[in-house]
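One chain, chain A, links the two complexes that follow: it is found with chain B in the first and with chain C in the second.
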Partner chain A sequence: MDIARITTLIVAMAFLLPVLPVQAAMAHGVDVTVTPREAVEVVASFDGGDPMSGAQVTVFAPGDPAEPWLQGTADEEGRFYFVPDPARPGTWEVRVRQAGHGEIIRLEVDGSGIAGTTGTGLTALQKVLMAAAVGWGAIGTALYFKRRAA
Partner chain B sequence: MGMRRFRLTTMLALLLVGVLVFAGCATEEPIDPQATTPVNDDIPVGTLVFVADGEEHAREGTSSKDGWDIVFEHAYVTLTDIIAYQTDPPYDVEDGWSIEYDHMVGLPGEHTVDLADPGSDPATVGAVQEALEGHYNALSWNIVRAGSGPAEGYTMIFIGTAEKDGESVDFTLRFDREIAYQGGEYVGDVRKGILEPAGEAEMEMTFHFDHFFGRADKDADDPMNVDALGFDPLAALATDGAIDMSMADLEESLEAGDYAKLEAILLHFGHVGEGHCIAEPLT
Partner chain C sequence: MHIPDGILPVSVAVGGFAAAGGMTWLSLRQIERKHSDPRQGIPKASLLTAVFFMASLVHIPVPPASVHLVLSGLMGVVLGWYAFPAILVGLFFQAVMFQHGGLTMLGVNACLMGIPALLAFSIFRLRGLLGETSRVPNAVLGFAGSFVAVALGALLAALLIVATVPAYLDASVERAAVTGLLAAHIPLGVIEGVFTAMVVLFLLRVQPDLLKESL
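The block that comes next holds the complex of A and B.
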């Protein structure tokens, strides 16, 4: 354990226009549906800037702080994506841990989508940069695949 | 007369309800742990247990960044002014010492625990019965000089043995710097501090011994090892295979850079699981 902490977190908001599901007809009876979603991007790194590669990520839905809603692992760059359930508005919590370092951050989800983050553990400068990045029009699209065998 | 009494009773009742409903506070003023926000008989309560953990480094020993195998016989820490908070929005150490809380629970008294005790996994400091249900997601405490007991006069005493390449050093390190710590929610394998009605929840003060000595399983340029003292500087002060020094002794004997490291380490010693705390010296 040490002075390191998660330096960057969250949010990439997808300001996407409503798009009709795209259905691609494929051979052998496979049906794939692609639906743009508003996703959350978690980027976790240590104070020194090194990514928290392979960090354990646990997501808790509003009103159920003891039971993980989703668990996963960050990629080599410390990134992790998930799509909050819009039917569960409130404060979502994301716990990121690796080798004795960890932090819990929170984001607000309301009826219209991801509203913002709280308790990020960011410095003021980082918060400003984060806000700028979000305002700039960030990223974040999750693909939803629905397959149906023939 | 009867009507006056009725009005007075009604006003007092309304005042009491107001205190209970609007218990939220934001303060940088010292908080009296005796002054736990009151709850009445109709509010669901449970037991809030305060624990302290030196992790396996304290209980089972640790390998320092400079190759010493360190085993603790005792690692006494004396704690006071222990307070758990329910905060919404959740308290963030980046916001400094000001903490807005809806409810607080204090553990009165001075408590010395031995973090090296194999049974202290973690060590129970004390418990508050009838704590209001809810999510306690912030914690503050002080380490102070013990008024009595095995660590009397000191905030912390580490007693143990370090071995390296056939050399053995018995050490007793006595610290007297009093420090206040404050952190947010516990970060670890499980969520802590979630108190259900008639249930029990833990609030943990965690102490990271690897900050003192570094870790052999991490690279030399790992930030923690860079900032850690290690054991070589202490071994260099040993006489006849033993060192018994107070903070003042260490200030006089260690190189200035090493003593500065030690002072910084003390401020990074207290955690909430893996979550960091803010800290400031009280003396």
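The block that comes next holds the complex of A and C.
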């Protein structure tokens, strides 16, 4: 292929560019790198079991509790993912909030990884037992004062 | 309307404790004045505290939200001045046992439920004018008091939350979510109103003295 033919080809392509703007844009170089990283999955639900879909999630980096490091919204299932900066070890804070309901979770991030936390989700049996204990206390109080009054 | 820790600023928490302290003092003073033996009301208050404590575990689906029973109106109607201290005790146990409402928010939450409860009590007292022993005024006033208590509590909570949204959050999203939750409390108010009316009618039939004591 001689120089003239290549030049003609380039000129022809240059003429085509404005005609095919979309294709030209797609021809820009793109470099996609996929790297597995240790991410944090936040799952938020109300204590009745319903997911906090659309809850606002705010992540605070260690040592900076006033300035949000990341801001996002939980998905339909109340899930939210983020990758903490490994260069900033310490206690990361995740605040989940929706309609005045919310929770602050603290995560320990150090060189070796992320220590996860689980909320204090009580089982139904635990709840029933605790409620029964308090109820029994109330009945006892009632009986005590009824007897004293009689 | 149980506000958890970390949602409202510290100044509101302190103000809530101050207001709850004042309301408790006022309630205890009224109890002392109106009852020759204040201990007489304690069995009833104790049992209703247990009911109030457990009520928050009963979730009622109001699509798309889910709300839980509050029963502040029932407390006010049946307990009168005993309602505020009873709600305070019930909320303390809810916070400690189920993290339902934060401990630092105990004062705020006590006001959000206790003050509407006292309002329900004063609405129910109107039965003195309309007929203390007839069924209809009792049922209607019990319903009205309870509905107003739930609505007022939810409204006050919503106003507090919306007024103190931190700057880093999207205030419009939070406002929309709070409005949705507030709307879900209207059917809850109806449910609690009907429940309170049923309890009042039942007490009127089997033990009318239990309602009279609160007057």
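Heads up, the rule we're going with is that the second predicted complex is superposed on the first by the 87 of 150 C-alpha atoms of A that agree within 3 Å, B and C clash if a C-alpha of one lies under 4 Å from a C-alpha of the other, contacts with A are read in each partner's own complex, and residues count from 1 in each chain.
Just so it is clear, contacts are C-beta pairs under 8 Å (C-beta built on N, C-alpha and C of every residue); 3 or more make two chains touch, one makes a residue touch a chain.
Computed from a prediction, not measured in an experiment: that's the story for all the values here.
Asker: Taking the superposition on A as described, I'd like to know which of chain B and chain C A:G48 touches: first, second, both or neither.
Answerer: Both partners, chain B and chain C.
Asker: Looking at the overlay, does A:P65 come into contact with chain B only (first), chain C only (second), both, or neither?
Answerer: Once the two structures are laid over each other on A, A:P65 reaches chain B alone.
Asker: Given the touch rule stated above, what does A:R97 touch, chain B (first), chain C (second), both, or neither?
Answerer: A:R97 sits against chain B and chain C alike.
Asker: In the superposed arrangement, does A:R106 touch chain B (first), chain C (second), both or neither?
Answerer: Touch status of A:R106: first partner only.
Asker: Have a look at where A:R37 lands relative to chain B and chain C in the superposition and call it first, second, both or neither.
Answerer: Neither partner.
Asker: Give the label of whichever partner, chain B or chain C, reaches more residues of chain A.
Answerer: Comparing chain B with chain C, the partner touching more chain A residues is C.
Asker: By the touch definition above, which chain A residues appear in both interfaces, chain B in one complex and chain C in the other?
Answerer: 46-48, 95, 97, 100-104, 120, 122
Asker: Which part of chain A faces chain C closely enough to touch in the complex?
Answerer: 46-48, 50, 54, 56, 58, 67-68, 71, 73, 95, 97-104, 120, 122, 127, 130-131, 134-135, 137-139, 141-143, 145-146, 148-149
Asker: Hey, which residues of chain B end up touching chain A in the complex?
Answerer: Chain B reaches chain A through residues 89-94, 135, 184-185, 187-188, 191, 194, 208, 210-211, 222-224, 227, 268, 271, 273-276.
Asker: Any idea which chain A residues touch chain B in the complex?
Answerer: Residue positions touching the partner: 1-5, 46-48, 60, 65-66, 91, 95, 97, 100-104, 106, 118-123.
Asker: For chain C, which residues count as touching chain A in their complex?
Answerer: Within the complex, chain C touches chain A at residues 3-7, 37, 39-40, 42-44, 46-47, 49-50, 53-54, 57, 59, 66, 68, 93, 97-100, 157-158, 160-161, 168-170, 173-174, 177-178, 180-181.
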